[in-house]
């Protein structure tokens, strides 16, 4: 095991950043060991990065299923939970059309809630630990964050600067 | 939501900060706990939570209906009709239902009070629905009260003492009659505004003139096939509304196998008129003419010699004068002549005119055409009550005027007032107030702080009707002779005392001839002494082996009555053998409008202090809580008057203000006003509400001594004010008002 | 000024002070709440266990239970009928209120223990007629002195028993579980 | 040659002119460095409040305290008697306000979800402002519902949860659907407001100091902008954008069913669902225009972000929606009228010629005539003053429409004996209270929440380019997602 | 424990099949509009009076009202038959399904339309949806100053502000009669008890009884007079029949 170091290269624009990603890969940094932090959503193809995996849609689907089963509970089970039938007007104990309304609303509630929750789960939010970050990201800079052997830190710094990095520093965990 | 009001009051008191606390405690058990007081000595027939029912008599009006009152743990919960009672057969009217709001009225006289005339008897504010308006507390003991009465009896000469009593022919009246006749005091005088508006004197005088015997006619509507009513408001307050309503049901349900036909002649559609198949708005004052014309036409239809009574009338002219199509009269005459069960009834404002007696006679005479006297569906003489030998009517207004004059002259030094509120019920024109000021000592036995009590020196409150013993003679309405019995259904709520007991105690205190005149231990003994002879009478509703059993049964059944009919058949020989001149009455006043005052069917003369009666919608106008004046919409348009405009109604004798109700079923030359509101005292729900049309009356009388309340012409003046009259009906839905032009 | 106060509050001592104040307010509130949940005291510490122990039937003192909606509290005349003959009544301090009440003719102000909210129309008679025993709802009175309610009389408690009573009888279930059976 | 040069120069000049023109007109073609935009937004948010700001807060706050606080307290303690509701108008302004605020809230979702789905680029700078409208409006709607209840303190009974009473809410009732739908909508619109807000909160965190730093650090929940975070966020926003549209439609449809499912004349109409939705958008777009104009006029640096083109776009939508509303209204009207049921006819007559006929007439004028007369002109459309006046008028008109639907229609029923007018009482204060609270929320939020989604604007600016097709310079947009 | 699974779920009765239990026949031809029923109902059921302002503003609490309209123009004018309106105890009541709290439900045992006061949260949807407009709402805590509360019927809940109420067909009397009959081991006889309004009606315009028993007086009268229901086109299957008369 060689000692590694985390570096941050701050780029002013998208092109140099994508070049840097390219360059890093040739320098032997695998995709697992880099990350791009940006203030606007730059997609993976723009940077030539592999597709990032997200479970948000799956979690949403799960939520939908949960919501739907909750709705089924309210529609089909609850009327039978009464020890006696409560009749209202001419309607059956399990009314048809109103059931669809309940089904829809609670399914949607489940979906949306779980989507939201999915973002939190997937991104480990809320997260108030110290993390490598530079505030310039908010001003539109694109930061390529990568891990390299400690030994070749200088080489990497130079390469990055050559590609247009405004600043290359050791990624310091800091209070956001 | 609770029998106790703690939680609710708590919430009301709570300020912003306290709300949370209140809600929290409101949820907690502590707020639910009320201290429970068990009976100290549980009556053996009662169980907690179980109702006990007592039979008694309704005292809301003088009719004498039997009640069964549901009580629970000493509280009266609900009045129901006494199903055995032949007069009302288990039914009551709205006032009978609301009698509990009298019993538990927030403003009652709570005990014997010595009082300065004119002083308030309870606190009052403009808004009777908020705040607490306590009654004046009792400031005398009953011993003091007895002494006061004893002093009055000894201090004044017998002819200086007078008793003024309510219209009901009850045990108290008997007692006072016995008492006064034995001691030489002035005989008691009975009066009630209802008997004034019924023109009872006129009706009985007419019966006397026609049939040669005194008595109150009874009209068997239920057996008739066609009924012509000349202003008789028999479904409202007239004489005995419950039996007449029952009769009306009989007419409608066709006990004669055919739905009876009902025609009402009156200038303003009353509640009764509203049920008529035909409502004919004749000009006020032409009732006699119309009756005679109908008589002539009907006789002509039947054929035979025209009797003297109908000979002089010209039907065409009569129709024209009355403002009716002649064809209508002809048609009705045919109907009247052809039906076997035809019946004509006089009543209402028609009798309160200067020719009122002739109206009554002419209409009664119409009944000679089908000759229904003493027959089913016809005219009877009312059954006399079991202890009665002769019909004894309440004082007519004329007699009241004489009585007032006696007071005013200072002849009467001590006046005892019970069961009547003359300051409200008598027309202002009689000036009873001024007369009362001349009386040295006025003692009121009022249960409620009414106007007369306010002008009294002493108030020795009698029990409420549901707290007291007694009996009442039923004067009309039933075929059977009835003595309706009353007993307390609850123990007195306040420190009140039965007037009979008080008078007995005073008599004992004075001793001498007074004590000897009424040798009774208490009220109950007096009552039983009066009812005891009935035990031996035949055909009683119940029989008893001994007197205690009889007395118990009397209480249990709510009175005593015979099982067979005691209706009198009038002597009808001379009915048609008389002259009618058919003259029109004279109207008092310069105004352009005839005034039709009528008794509010829901409030009557003494209902105004009962909140639920106030909130009942008037049967014709659906107005609640106020007085209104009815004007034909077209007239109103001509005068540029709209609904809820306050107008001043001016007669030669007074003026009142009331808001306008555009009433589509009234003659354009007539306005109408209900009687029942316009109190200046009488509790928080009555005071300062509406106006009293009796203030407009003139102190003039017809031949029978009834005041000419139907013979007024009045002016109306706009005041420019507006006053909302609460009504149940929708102005939009019923009159299309506010829906935009069609 | 305010800033200094805040600064002081931020240091440990300040935090402790805040904590103490908070705890105090909270416990006062809880105590106040608990007060509202407590029934007032009975005028007489009536020993149900003794009376039942003597073999007195529930219905002797509360006869209304078999007759109508309320079981009722015995009149003091009823108490006195027996106690009059018991010598200790005259001397016992615990029974002084009874003696006073009878002598002065003022009713004893009992505090009802078992009660349902006033929007519930409860009828004892129907329950006795259906074969329920007093202790089914009121607990075993041989074990208590001053009556306590062993149950919270909430809707679940009532309804549970109603449903069990109805069993398989659907007509009866309809009747017993109908809202209008108790609420009107 | 010289001529050619000249023409080229002219051309170049033209080009420059065109570019200038485009820059001036379109925010997307007028890019500024991200940092500068950040600073502009931060300045708008963090600049020291002026006395005018405080005055506004105090005035609004006191209206809220009196209107919502004191009046609501009275309503609860004294009962609904102090309001103007009666028989037969059992529902009054409370329900009018509920429908109105739910309607307002629809514009937010419409702008940020539907326009996002359809990639309408003009939406970018004001999605946030619109979404806030959804959440703030729904809060007022919720308040109005609880005010309206006779025993609001028992409203938790309407939530499905197991309890000792063995009772659940009645799912047959449109009101319980309503409750579910509004809850769903409120939750999801709040989440949908929050998701795109996270990057901006992170920006604010990086740009602020002091208590704000703490505040935004907590709110930004540790967002940095890594590829993963962006991916999750993008996916979630995408799901939301699609899923919230049917939710939004369902909410107002269900609100309309509160009326349409009833047996009352005039209410019992099948068109009510879409008619309510278009009505909601009508008032919502109007309100959005007003809010945009106010934000542009009162906050710093907003003239850069919000331009005539945005008002123009909103104006176009308003015009279309106004036409749609007119179509649906007429559809509802003619079918009711043609049916000829006497009660319905009475109701229509009452609407038109009754005591509130002026309301009906002005509703038609401000909802149809004025938008049609004004909004066809793109110059007028682009003027914030004109469009916000039209927006206010439309909102008044739509409020009238709901007023006609709720208490006025309730005045007429099948029992003419009970017909009665409704005269609002304490509701007026409560309504003003909700309005003031709505504005107050905005006023406070303007100091706490970045109103412009800077990252979205930057994303848009990156995607927009001027391209030449032959001789013409046109705007092209590249799809980044 | 019997659960609803044992019951036939699709037990909703079709309109042709529906037979109520308790019902009324109202003979408008004899109704004189005297308001005795209103007073009796108010006394029996602890109904609050509201005072002139609220009463004039359509907030009266009475469970029964008597409607009258006008027919024609003066002088050919007539009052239409008085029309007592109270809860029609619909078999298929429009008010029931719209309550979100199950505060108004259909009693299976009594075939009545129940209003459960303590469950009511006061949305007033039921009252809107009642085509007969017979529900009244407690707009305030209407005051009944001492000692008027002494008159309260202990068998009927006193309602709080914010609660809907309506005619119950005097369900407390139904329960009392059924309880009594059960204790005597028999069925409730026709005419054994009646509602407060029918009991008091001086004109006998209101008849109450079992409509599912063809022998009962109410069924007989309904048949004899060919009693009609109000707004039958709405399919409410009301249990009150009217005879208008002429």
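Should a chain be cited, it is by its letter among A, B, C, D and E, assigned in written order, with residues numbered from 1 in that chain.
Throughout what follows, a residue touches a chain if its C-beta (ideal position, glycine included) is under 8 Å from a C-beta of that chain, and two chains touch if they have at least 3 such contacts.
Remember, predicted model here, so these are calculated numbers, not experimental data.
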Graph distance between chain C and chain E, where chains that touch are linked: 1
Neighbouring chains shared between chain B and chain E, ordered by label: C, D
Per Cα centroids, the chain farthest from chain E: A
Chain nearest the overall C-alpha centroid of the shown protein atoms: E
Farthest-lying chain, centroid of Cα atoms versus that of chain C: A
Rounded Å distance, chain C centre to chain D centre (Cα mean): 54
Whole-Å gap separating chain A and chain D, where each centre is the average of the chain's CA atoms: 29
Centre distance in Å when chain A and chain C are each reduced to the mean of their C-alpha atoms: 59
Distance between the centres, which are taken as Cα means, of chain C and chain B, whole angstrom: 50
Multi-chain contact sites of chain A, meaning residues that touch two or more partners: 82-86, 88-89, 91, 95
Residues of chain B whose C-beta touches two or more other chains: 1-3, 11-12, 49, 728-730, 734
Overlap residues in chain E, where contacts from two or more other chains coincide: 1-2, 7, 57-58, 60, 65, 67, 69, 94, 97, 99, 102, 105, 108, 117-119, 141, 154, 157-158, 160, 163
Full enumeration of touching chain pairs: A-C, A-D, A-E, B-C, B-D, B-E, C-D, C-E, D-E
Of all residues in chain B, those that touch chain E in their complex: 1-3, 5, 8, 11-12, 49, 72, 75-81, 88, 90-98, 100-101, 103-106, 128-130, 132, 235-236, 241-242, 245-246, 248-249, 252-253, 259, 269, 271-272, 274-275, 277, 279-281, 493, 601-602, 611-617, 619-620, 622, 624-626, 632, 634, 664-668, 724-730, 734-735
Residue ranges of chain D touching chain E (in the complex, touch as defined): 78-82, 85-91, 148-152, 154-155, 157-158, 167-170, 172-176, 179, 258, 261-264, 410, 413-418, 420, 423
Complex contacts: residues of chain A adjacent to chain D: 35-44, 47, 49, 52-54, 56-57, 60, 74-75, 78, 81-83, 86, 88-89, 91, 95, 98-99, 101-102, 104-106, 108-109, 111-113, 115-116, 118-120, 122-129, 131, 133, 135, 137-140, 145, 175-176
Complex contact set, residues of chain B against chain C: 1-3, 21, 24-25, 27-42, 47-50
Of all residues in chain C, those that touch chain D in their complex: 154-156, 159
